[in-house]
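Notes follow once the structure below has been shown.
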């Protein structure tokens, strides 16, 4: 239901992963997009090894942070994130590549896991694993099923519906067995007998590879999905694979589903079977003017400038640099940033495509209504946002919006629909929170 | 003829009947109101701006009539003159109104604060604030897109196209507070207007460390505390790498302005100094 | 290196524009225009060209001198209004009447409400209905279709199928003739075949959905079908109703105007049913032989109400417990 077909532009599909060399200094953020920021565990001058805990989770909805390099802690200071705001981060000068002893660096795939569910969740929490699909929600929280709810199925998100991005695709081709083992571990952790992997049908090679490995485990099914954006959105994926709709304002566990991204699943395998915390990930470096788009393993905290230099430099005609895909990614105000756990790609958009078109009146063509995957009326929400009619926006379900961008994409009048809807969401969200605190 | 008579009688009859019905309904549903509310409302400026904290002038008038004392009630638009009139009608005493005015606390003009990126989207401060830190390296400073200008019903605040900062028109500003609410970065503040309209304030709200600030804006407050040390009236407080001058305590001696290394403290409407120290830049000017 | 540009997502656009939507409708109107040229010849050219040029000029002048705002002539919506207006007029209409119609359509029907997107009523129909009421004689004398007609104002006229039915004037054309367009009527409404070709093109381009035209045509078919079944002597077959008058043109091109039709599929269906019912009522029981224009304008007035109460199916609708 709903959704659009942006041009796929998967220029880096099938490009084997390369490893980005270690930079001179890494800047590891202590704050994630979701949840409380972590508290620094190391101090200036301390020597750390790869995998060492440098930030402790602060509260339940928070995650541990580990050093992705070995070296000396230069300072703990504010660094700019993708939002242009400054938040605490640990700066480490890189010396060598010394890993903690307990991390298993052997290349063999470890298939057997004899841990109990609560032990698995504990290991996931200790390893600082967060959702690598972009939202970076702490994984151990998702795996801790609340009282009164029951998980029935584990859903693995291999859709990667955003154009240009191929990091998940490449991971599925190169680490298929590990992903399947990770899935079986997760199934054990949430006590389900069934797992479904959803992959868009433009990645049939990944579908076949995972099917091959899934045969070696019980209860794992691979389902190819129709290529439509936003197929990889959590709610849409659950509906496509199970037919159930997550109720408005509720979480997937309401319909018995727990959703994890394939990259998160791989990180869980590494954490549980190899004692390796989350310290690196694959990112895609791509764009129309990039001579050699590709997929790269990078350590968390690597500066963007280092990556760009190693992958061929920024194209001359670049107008925008986007972290993420073109539909929901963030345009960066500066390249003075480092890779965070949720960074999935660096996308260079040529300046000819970087400027927005002129905005015209709404011609009420209803295309935004037809293409909205959540059944909302973006034209109306923008209208109400312009007039600051917050209660009306709440009634028209503005909080249900997943900000996928389909409406702005398809609008013939180039109206900035998502801008006003985001404005409405933040204001209405504050209103709702205030209402709750006054009630209690 | 018959037709005309029939029309006149029937329509006239309907009109008369309606008038009688309406008369009785008006009597039955009449709301008893204190007549003084009308009198008070008549002397109010009728701007309905909400600056008094009530929804409209009539609501303020009703509050004045029912309140025991006028101490906490004041109309910022009408000021002391209006409150005296209200006090006369009600036989109460009007509180002395301390005149306040909106003050924009950011000195980051295009000249002193470099743009590091270019924003392309809806031109509204609140929407940009929702999205990211802004076009410059200072994520606290004014965005220059004019939400304050749009919110003002008295035409008293405008963005200067050269500096991209808002400027408050002293004569028109009624300190109703609309621009204070509209600014998503809480840069605008209502401060004492001061004798002869003179006031001194720190023209910066940046809470980042001084070393970082200096790189992004030449007139940023770096939290060096020189002003705090020199103030004889303890009117300055330091917090989060930022100085703040309390307009209630400030006696306008200007010692802090002299010592500020980055010219982040502004003095308004003072005569030029007799000493050889240069006049600091008076950004945030009056018209 | 220039500064990086920052804007909110999405950073890619489909390339769709208002002009592209208008052009798609203009292309869909080509078959009907060719039929009009064939059957109504010179008159068709004069009326259509006058209408289009007047609409564009009036929009330009009003925006430049009255509104003193930006010029939107380049989005082609005035061109489309002009063409659709001309399709609703007989091809022997004098130029000055066409110009008045264009002025009313653009000035009153569109600009007075604030330009494209703000008008509650279909501007071409506003113009057409104004002309119908102000110049009833000229607006109801339709030329006979003749291959490559070179006559204009002095074209030979004849009754249309509907007026023949209304006034019991006798012969109505054969079904084939009605389908192809060999009958009297306004310039663009005669050929169901050409209009249906246009409909298919619009569906293919996803400019419109099938809901409005199908619900109008089905409603008319069913309603007139019931009347016909009950009393075949007084009422004619529903097929004749579908093929006659401005129903096809109205259902496919006039009722589907973006600005004045509802925004949800359910809403569109209700809107279409409403138009169908009102059309049949006017045709059967009203004093005008044709009711589509009025029916559409009346339902245009209901569109905001439909938009307020008919909402799309929300994802994850939470059913309220009883």
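Note that the chains take the letters A, B and C in the order they are written out, and that residue 1 is the start of every chain.
Keep in mind that, in the parts below, contacts are C-beta pairs under 8 Å (C-beta built on N, C-alpha and C of every residue); 3 or more make two chains touch, one makes a residue touch a chain.
From a predicted model like this one, the values you see are computed outputs, not experimental measurements.
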Open item on the list: By mean C-alpha position, what chain is farthest away from chain B?
Closed with: C
Task: Core chain by centroid distance, with centroids computed from Cα atoms only - done: A
Task: Two chains sharing the most C-beta contacts - done: A-C
Task: Chain centre separation in whole Å, for chain B relative to chain A (CA means) - done: 43
Open item on the list: Distance between chain A and chain C based on Cα centroids, please, to the nearest Å.
Closed with: 49
Open item on the list: Counting only Cα atoms for the centres, state how far chain B is from chain C in Å.
Closed with: 53
Task: Residue numbers of chain C (touch at least two other chains) - done: 2, 4-8
Task: Sites on chain A at which at least two other chains make contact - done: 330, 333-334, 354-356, 416, 419, 422
TODO: At least two other chains touched by the same residue of chain B: list those residues.
DONE: 116-117, 120-121, 127, 131-132, 135
TODO: Quick one: which bits of chain B touch chain C in the complex? Just the residue numbers, please.
DONE: 115-121, 127, 131-132, 135
Task: Interface residues, chain C side, partner chain A - complex - done: 1-2, 4-14, 16-18, 20-21, 72, 75, 77, 114-118, 209, 258-265, 311-318
Open item on the list: Help me check something: in the complex, which residues belonging to chain C touch chain B?
Closed with: 2-8
Open item on the list: Residue numbers of chain A touching chain B in their complex, please.
Closed with: 78, 80, 83-86, 330, 333-334, 354-356, 416, 419-420, 422-423, 426
Task: Sites on chain B touched by chain A in the complex - done: 116-117, 120-122, 124, 126-127, 130-135, 139, 208-209, 212
